[in-house]
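In the two complexes below, chain A is the common chain; its partner is chain B in one and chain C in the other.
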Partner chain A sequence: MRIEYINPFVEATFEVLSEILKEGNLRRGELFLKRSPTPNYGVSIIIGLTGPASGRVLLDMPPNTAKKLISAISGDEVKDLNDIGKSALGEIANMIVGNAITKLYKKGFTFALTPPTVITGNDYTIDTPQIETLVVPVIFGEDKLEINIALKEA
Partner chain B sequence: MVEQITIRKPDGGKYKALVVDDSAFTLKQITQILMSADIEVVGNAPNGETAIRMYKELYPNVDFVTLDITMPDVDGLHVLKEIMSFDPNAKVIMVTALGREDIVKTAIMNGAKGFILKPLDRLKVLERIKAILGA
Partner chain C sequence: MKAVILSNIFILANQIASNLKRKLDIESLVITNPLKREIKVSNLIPDDVSLVIFDLPSQEVKEILEDLKENKGARKIIVLGNDDSYKDIVEIVKMGVDKYIKKPFQDELLIRVVKELFSQQASAMEKVDKGGFITFARKVGEVWVVTILGCLEEGVINRLESMKIDTNKVVLSLNGVSVGCLNVSELDKVIQFFRDRQIDVRYIVVREKIRGLLLERGVGEELIFTNEVLAIKSFS
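This part shows the complex of A and B:
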């Protein structure tokens, strides 16, 4: 996976989450590698990517963090991981990945994205291709989410 | 306290809006924001195909459209072109995500009147719509 692909996702995550949470104190944890983009924390949003490389981006977080994001983006109207809450999470992922592919486009890489799929602890049916996955933790206050980036050159 | 903004036509009548978005969450959110300003939401379309059909059915009883750009199958730019060729006076406001303002240039060239950004901020959205409608 080309290293140029990574930063746009991290920057986009910071920009979009700062806007949603109305706070600037997000920080990035240590990057690490794993064998496939597997969910770990209970709530995951997956967006597929095609272009010069193809694969997926998976945002993985605990239910409490997911609820915090849902609550923040909805102005406290929605607080649960119900259908509308999941739809809100899908939109957050759309914003992050959409923002990232715009940054990539400006660097000369044209990607297209698929609509988001939101999975929670109860409905884990996800096939995990063996693609080397780079994980970037993003920490804000007591919360943490992980961006799993798995892209394979076409 | 929630700041009250009302957007009315120059003659005092209510504006009628068609809201288009493939996200159930955003569809609901935009609808609530518009209703809070006393705008009547006459249609909710969850995809591009429905949006084109609804606009034609509602016409001329629809004053403006909020149109999501990123939708599967029939995307917002395609819907925009269809609506503009059906009604060259249509007022279409694109909805796009923060950092993707570039995409809007093509929409403006194709007749869109302006854009609003996600994540949606109620006051910013209403001020924007007010300016676009010249209300």
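This part shows the complex of A and C:
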């Protein structure tokens, strides 16, 4: 996986989370590789990509982190992950993807993307066969989110 | 939806066409036999056609798909196959076909496949435009939901025009627009695009800067929302 494809998504996630949470103390956890599907935290946003590389980017977080993000953009405290909450998460995903594609475009990479899809639940796994997944943990206070990037060069 | 059936068996094509028209919202449906005469693919399948059904021998299917591959866009392509070999089927499917249906099949199967393909359209891939943006559009009931991601640059209006929005209710998400490459004159054009067509727009905006630009341009605060569900609900 080329770092040029990975960095825009990582940077965009940091920028957008800093913007909506209005806090600068986000930090990156230790990167690791996933070779097989593992249980997810309960709330995932998936974006499919094709172009110079194909695969998917997945933002994975526990429900409490998702609620915190939704509260931050809606201005109200969120208790349930209902349709309104999921829709708000979709908008956060739009912000991240919009920033990322701008960064990629400025580097000369043109991708095709699927609209971000929000999935919630307790018992699901998301697998991308034959593509190693690079996981970039993002930690802010007691909350965490993982950026999973699984891209294969075309 | 505009559809084209490319077939060399008129009776079967006619039967499929009447079934599709009965069960689906088809605006126009043309049956053409490309084997009868030399016709360019662009004439066979105009740009505004969203569904193409092939009912032809596999060699002809492959030739037309080869010509079509650069301009497939968001079109859905279904191939009705007969006695094609496994190799032919694999080759055809790899050429951008959305669904291969082996004959004989029940009429209901084709209807179901078409419905499934168009329900998936919301998650279809969109390529970054040369202006550095991507647009997604889908219809939720009577409301068109349009999303712009990346730069707000020249070319966005062409994209909006190509969407063929057929209602006067639109939810426009601008959250994915990068503030660093937001061309304000293009934002003006977008707002004017909808005003000229008397389309009622609800904006989804979280970013303060974009919100401020909309307010400066006379967009009422009551028309700006933080998410799609609330924006759609506001029409009722």
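One rule holds in what follows: the second predicted complex is superposed on the first by the 139 of 154 C-alpha atoms of A that agree within 3 Å, B and C clash if a C-alpha of one lies under 4 Å from a C-alpha of the other, contacts with A are read in each partner's own complex, and residues count from 1 in each chain.
Definition applied: contacts are C-beta pairs under 8 Å (C-beta built on N, C-alpha and C of every residue); 3 or more make two chains touch, one makes a residue touch a chain.
Please read these numbers as outputs of a predicted model, since none were measured by experiment.
Enquirer: Record, for the superposition on chain A, whether partners chain B and chain C clash or fit.
Expert: In the superposition, chain B runs into chain C.
Enquirer: First (chain B), second (chain C), both or neither: which does A:117 touch?
Expert: second
Enquirer: Just checking: does A:95 make contact with chain B only, chain C only, both, or neither of them? Give me first, second, both or neither.
Expert: both
Enquirer: Looking at the overlay, does A:71 come into contact with chain B only (first), chain C only (second), both, or neither?
Expert: Neither partner.
Enquirer: One more residue to check, A:7. First (chain B), second (chain C), both or neither?
Expert: neither
Enquirer: Looking at A:48, would you say it contacts chain B, chain C, both, or neither? Reply first, second, both or neither.
Expert: second
Enquirer: Go through chain A and flag every residue that touches chain B in one model and chain C in the other.
Expert: Shared contact residues on chain A: 19-20, 73-75, 83-84, 87-88, 90-92, 94-95, 98-99, 102, 105, 113-115.
Enquirer: Where on chain B does chain A make contact in their complex?
Expert: So the residues of chain B touching chain A come out as 22-26, 28-29, 32, 70, 72, 97-100, 102-103, 118-119, 122.
Enquirer: Residues of chain C touching chain A in their complex?
Expert: Within the complex, chain C contacts chain A at residues 122-128, 132-134, 136, 147-151, 173, 175-178, 180-181, 204, 206-207, 226-230.
Enquirer: Help me check something: in the complex, which residues belonging to chain A touch chain B?
Expert: 12, 15-16, 19-20, 73-75, 77-78, 83-85, 87-88, 90-92, 94-95, 98-99, 102-103, 105, 113-115
Enquirer: Under the stated contact criterion, what part of chain A meets chain C in this complex?
Expert: 19-20, 48, 50-51, 73-75, 83-84, 87-88, 90-92, 94-95, 97-99, 101-102, 104-106, 110-115, 117
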